[in-house]
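To start, the structure itself, in structure tokens.
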Amino acid sequence: MNVLIIISILGIVAMVSEIFGLRKSIWYIVVATLTGAFIINLNDWDTARRYYDDMVFIDNYAIAFMGLLLFLAFVWFFLSKDQYESDQFNTSDHYAQIIFSLTGALVLVSYANLSMLFLGVEIMSIPLYILAGSRKKDLASNEAALKYFMMGAFATGFLLFGITLIYGVVGSFNLSQIQHHVSEVGNLPLMFYAGVVMIMIGLGFKVSAFPFHFWAPDVYEGAPVMISAFMATIVKAAAFGGFYRLFSVCYTDISGHWAGTLSIVIGTTILIGNTLAVYQVNMKRMLAYSGIAQAGYLLLTLLVLTNASANALIFYIASYAIATLCTFGGLYWVIKFRGNDALDSFKGLGKSNPILALAMTISMLSLAGIPPAVGFFAKFYLFTVLLEKGFMPLVLLSVLGSLISVYYYFKIIIKMYGTASDDTSTLYISIFNKAVLIIILVAILAIGIMPNFFLGIITQ
Amino acid sequence: MTELTWLIPLLPLIGFLILGIGNKYLTKSVASTIACATILGSFLIVLSILFPLINGTLANTTISYFDWINTGSVHLSFSFLLDPLSITMMTIITGVGFLIHVYSAGYMSHDEGMTRYFAFLNLFVFSMLLLVMGSNYIVLFAGWEGVGFCSYMLIGFWYKNQNYNDAAKKAFIMNRIGDLGFLLGMLLIFQTFGSLDYATVFTTTSSIESNSSVIIAITLLLFVGAMGKSAQIPLYTWLPDAMAGPTPVSALIHAATMVTAGIYMVVRSNVLFSLAPFTLEFIQIIGLATALFAATIGLVQNDIKKVLAYSTVSQLGYMFFALGLGAYSTALFHVLTHAFFKALLFLCAGSVIHAMSGEQDIRNMGGLAKKLPITFYTFLIATLAISGIPPFAGFFSKDEILAHAFEHSPLLWGLGLAGALMTTFYMFRLLFLTFFGSFRGTEHQKNHLHESPLSMTIPLMVLAVLSTIGGFIGIPEVMGGGNWLKKFISPVLGGTAEVHTLSHETEWLLMGLSVGAVLLVIAIAYIIYVSKKTVPLTEGVETSVAQKTLYHKYYIDEIYDTIVVKPSYLLSNMLHQLVESKLIDGFVNGMGTAVNKTSAAIRFVQDGSISYYLFAMVVGIIMLLFFNTVI
Amino acid sequence: MNQLTELFAPNLNNYIILCSILFTIGVVGVLIRKNIIIIFMSVELMLNAINLLLTAFSVHHGDSSGQVFVFFIMAVAAAEITVGLAILVMIYRNTGSVSIDSLRNLKW
Amino acid sequence: METALLIALPFVSGLLTLMFNDGKAKMVALLFSLCTLVNAIYLACNFCTCTVWHYELNMPWLTSLGINFSVGMDGISLMLVLLTTALVPLIILSSFQREITNAKSFYCLILLMEAALIGVFTARDAFLFYIFWELALIPIYFICLIWGGENKNKITFKFFLYTLAGSLLMLLAIILLYINNPARTFAIDQLYTVGASLDFGTQAFVFWSFFLAFAIKMPIFPFHTWQPDTYTTAPTQGTMLLSGIMLKMGIYGVIRWLYPMVPDAFSFYAHYAIILSVVGIIYASFIALKQNNLKTMIAYVSIAHVGLIAAGAFIGNLESLQGVVIQMFSHGINVVGLFFIVQIVFERTGTYDMSVLGGIRSKAPLFTTCFIMILLSSVALPLTGGFIGEFLLFVGIFKYHSIIAAVAGLTIILGAAYMLNAFQKVMLGEANTNTSDFKDLVLTEKLVLIPIIALIIWIGVYPQPFLNISEPAVKALIEVASKTSALNH
């Protein structure tokens, strides 16, 4: 709980920092605070407590996710440092909004009440509508903001409608009461199931599942690169945290009623995401589709709903997010040097900047799920969890998807190492930024080799 | 006595290694000395074993050196067997081998690749010794393949000429066809008897019924191996082409030793073959057919070596004919005498070619008898021997074969005799065209004519002596001889005595008939080629269809080319271009393309319009709700 | 008369149906209108339908949390629409149009 | 522990190689790989046949999933480890005459690959096996991608995707075995029992999944179409790694992971696998007959040779498995030799096209000798390395089915045909403009070829030490297979 408060205050501090002339040091304040929050968060481990009349429930699941989100935000601030130093944007405004969004994300993974779910989603989203359009003169950025906003608002409507229907049946927004109602009372009206599906739709939009994925490619492409990175990683992680929390707490007992629908969504998401990514020539769009496909894999955990699947979810999302962040980080540099975000800008990167190329390569391997990168282990664990419950067809579909995904992830690698660029100048990245990339790389590999620690997180 | 056995094959191998490694540094004389010395060494050791074996002071011995392949049920040791059969072959190999080495020292003295030549010749002797000394089929097979390889290297010795290389390749591949049969035969033996050791295999045959399918399969497969190695129909076409190699090679490998490996193998496996009368009959037919078929081709060939080559094929057919009749020792006897006179013939031919500066066409020779007296007389002796004129070596062995044939049926005897007569005819044709009449070559060649150096003529003389007296080791009973060879070999033949039961009168009659017929044929040949001075027509001139067919060797090469070689290449092309590229790879790539195409097509769904997106979303929502609540 | 009142009495199902209709009108409005402002209004309509339904449920269950939730929704919707309008102004400045189809460069 | 050290040594040295500059990298890499070789030979010398498994290490790794870092060597593993460690120095040495850009990365990748390969051959835990399996793929992919030739992007990617497709299925099969294991571990011995107890349908799935992974790796017809292109476009060192060692992963997989794992499915389906293998022999041989590109031809030759080994592996009797092991070893040496020959020809003449070569024999006698020796081994002439394995394989196959052996035996004829064809086209005849200034071998090349030839002769003449190493292991394997199979009935 303290974490939530600290981060909210940090947002306000960031917002007013400009007034107090702290603009130069705001980055350090943010990073220090995030570190502190991370430690405080871990301090709560194994102390599952409910706050504010059961509005927020900080259990290990929440702590794990909050830790993950804080860590990702931490990494994000490192990766985006150069972007904000180059004064393209108003740093403190951006930081404030990012942190507000992060607050929403934290709420989204620790809620115990549907109203907090709604608030979390909104707090997380609204700053992003603004950030997506933060290049005010850039039409693409404008369009991204509009699309994100329009569709986000529309999807919120469905989320709310779903919540309302659930409330109509249960008479409470409280998750444990809903769970109680589902398991004890039974005999649920059709309205309840409709509500479940509506919520599924609303959250499905946030995680960009088919057929609610349309916004993702356009928004990722239009938004500034690091904002896209934020959306693709932290927002998605939080949305999954919220999604899984709701379904695992409330709807486990009636999974027969929605699992079929979800399976269809998952199957199509994996196929559509992967297939569409194949033909992309724009890196950000490609990553968006890759994110859609990965969302499909992540949704698979919702079919299982055991401790193991929670572990699998956290592990997978962590691996996905860290690799994606690293990719976006690399993409940022490529855009900075080569001026555009087409796949062709990666040509010859293996020669002109080996470290950057290595970072991209390892990230791609991780996303494609190839050892020793962490992505492999995540996939392996996910498949194990699924096969234990006998979801062979879906797993086979995922394998097929993985194969297709190799196609586009490796496109980047091939561009970097297999083709020569017309622009042969060596790209210079400062030691600091190199170090950041290398540390992330090491993390990706190290967690891939030693994932033991992360696997036992959820063991209620 | 047998302590030095291992040195017999090893000496040539050492020779090979020295010559092979020191190729660049050795002078020609050193190289030839080393090569000859190693073979001589082996020969002497062989003799040191031969005499005790003859005396009976040395019994058959198996000497085991080390486990070669020993795993699971496979226990194969690298071991040698010394018995009358192997020692006979070893004597031929090292003895004739030594003479040919010596001869080569003269013959090849002008060739820049002489060291290489001797290296491979030594390696050949090594392999051949391995072949005959092995005490199990696998060592035999090692030698079997080894001689094939050496033959390949030596046929293609002048590797700059691609025709020679083709000939070498052809030889190797055709041999390999036989080798496959042999290998499968070996595997079946292993399967049936659980071992490849002669000792074990031949003593466990009691459980096998005569003419049972297993034994027929084994023997047929082994015979396929022999067909390849010993140039029998249908795998004989490589041997005439193999004449591309240096002439001493033809003498050693393609006349005296390697090509008789098939006969050796059948004799060695006589226990098995005797159990399969069906196979023997088959061998009989193939052998006789080859003998006649090759002889007819030999009648019209104009290349001195080609004539000898077809003669070799024909004689090998004779030997198989004998084997098919169950006359193993007779076949071996013919191997022995054939080794002498055919090696001699080839060496003489070599001497002629040497004198003629490489000319091989007998139409351009003639009247060489005066210029090359030693060559002429030795050639004459060899020709008499091959024609079966008593008391030359060929007479005894050939006569024994014919006697066995007559015992089976007079028809076979008749056919056999016909073969012998054809042999006589083409051999004398060769003799007359080459050495009689007047010289038909160029002026340059005429001035260059000379008798060969001593290193070449001495082997000729030695072989001539052997061709003359070599038959005496097998003088038949009817002539008062004890047929010593048969007795010597009989332990190997395991009591399957093969004495023909013809009465002495019949035997004398047959001999008289055949000798008479042979003399008649010689007379005919003399009339045609010496008196009438007929010279074969130059190519391109119209001749009768039969003659043309014979001249073109029944077009067998062309037929093989059409039904085997070309379809293989066609199949290769088809597999590569159709199955590989279009079908399999097409399918694999097609999957990739399909994904790509799908992606290209469905990305237009994402058309950029918010209203459209929202609409799609709503459709999706409705469908999901419908699916979830209704279904 | 009594029957009539009973028929038209505001029972829960009627609310649900009414709100669903309102919500659907909102959705259809979003789908068919091209003017971004009107689409915003349609979204508001959707949200208000939800508000109404929540209130009805709240009364039905005798639980006040539903009505509190309505306030949340109204507050958030206001914030959201503010951001939306800001984006709209920005777009209008850049393109001179408030049509939803004025921007469709990001595609495929 | 020793095994883990053996894996770690090339891994660490690979990373260390990166510290040196490009000029020194090759010497450093060579030294490191020689150290590994010495280590492996030392282990081989201390290898007694008293027990099956040696040098075992079982360290908990991912305890929550029951994954252990479990490695060890039996005779089969040792043979392959010896092969790997012996070939890598040769492969590194073979690159000495080449100008390699960014050499340190090149050698680093080779050494990393060596580590992964040793891992594959020694892993005793299914998960670990899979990790190494995939790890081996990545360095070679980059070697081919970065230093490859014409059209490399597409071809190497196809190679990668193809092999990955197979291995992902294998991963599923491993997971299936794991979740059916009540003890929840990936330990190979337990999985043997688990596999045998599965119902037939699951066994079939496991069988085909493993089969696909291995079949693609080897490759077996018709899963081979990635191979000729990849072999052709890869840098020769990459091709050597692929053909010399990497394809042995597939065969090793069959005998270690497939054969004893699902006995019922194996006995039921192996027949099809054998037929595919044998068809592949004939098919590839025929295609090799008409290839004009020397490197592509050798690639097809490799398919043909591997077909025979694969058939032996799927037959799984003592003779055939012994044949498989020894033939893997000798094929590895052989094919590396062949590709080195190809590289020498290419470096001197700039072409792989056999129709424009010829006459090299007269220019380079030493080179010719080496070529002939290697050629003899690949046509399996007795007393060369190729023969021993081939003979044992034929014995095994013949035991299984005589007709199949006869068909497989065609390789003897076809093998001679295509090899001699190539030899004639490249080496014989008159020298032409491409080959007229062909230089004979230089020192480093001799240093590569002499060990290869020595090994060829050693295996051919006295293979017993090698056979003795692997025999107990093979016996144990067969015992496991029969035991698990008996358990079920």
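We call the chains A, B, C and D, going by the order they appear; numbering starts again at 1 in every chain.
We take it that a residue touches a chain if its C-beta (ideal position, glycine included) is under 8 Å from a C-beta of that chain, and two chains touch if they have at least 3 such contacts.
Since this is a predicted model, take the numbers as computed values, not measurements.
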If you tally contacting C-beta pairs, which pair wins, A-D or B-C? A-D
So, what's the distance in Å between the C-alpha centres of chain D and chain A? 42
Let me have the rounded angstrom distance from the C-alpha centre of chain B over to the C-alpha centre of chain C, please. 99
Whole-Å distance, chain A centre to chain C centre, using C-alpha means? 28
Whole-angstrom distance, CA centroid of chain A to CA centroid of chain B, is 78
Quick check on chain C: which residues sit in contact with 2+ other chains? 27, 30, 100, 104-107
Note the residues in chain B that touch 2 or more other chains, in rising order. 592, 603, 606, 608, 610, 614
List, in ascending order, every residue of chain A touching at least 2 other chains. 146-147, 150, 154, 217-218, 407
Those chain pairs meeting the touch criterion are A-B, A-C, A-D, B-C, B-D
How about chain B: which of its residues touch chain A in the complex? 592, 595-596, 598-600, 602-603, 606, 608, 610, 613-614, 616-617, 619-621, 624-625, 627-629
List the residues on chain B that touch chain C in their complex, please. 603-604, 606-611, 614-615, 618
Name, in rising order, each residue of chain D that touches chain A in their complex. 61-65, 127, 130-131, 134-135, 137-138, 142, 145-146, 148, 152-153, 156-157, 160-161, 164-165, 168-169, 171-172, 175-176, 178-179
Using the touch definition up top, name the residues of chain A that touch chain D in the complex. 350, 365, 370-372, 376, 380-381, 383-384, 387-388, 395-396, 399, 402-403, 406-407, 410, 413-414, 417-419, 451-452, 455-456
Would you mind writing out the residues of chain C in touch with chain B in their complex? 27, 30-32, 34, 100-101, 104-108
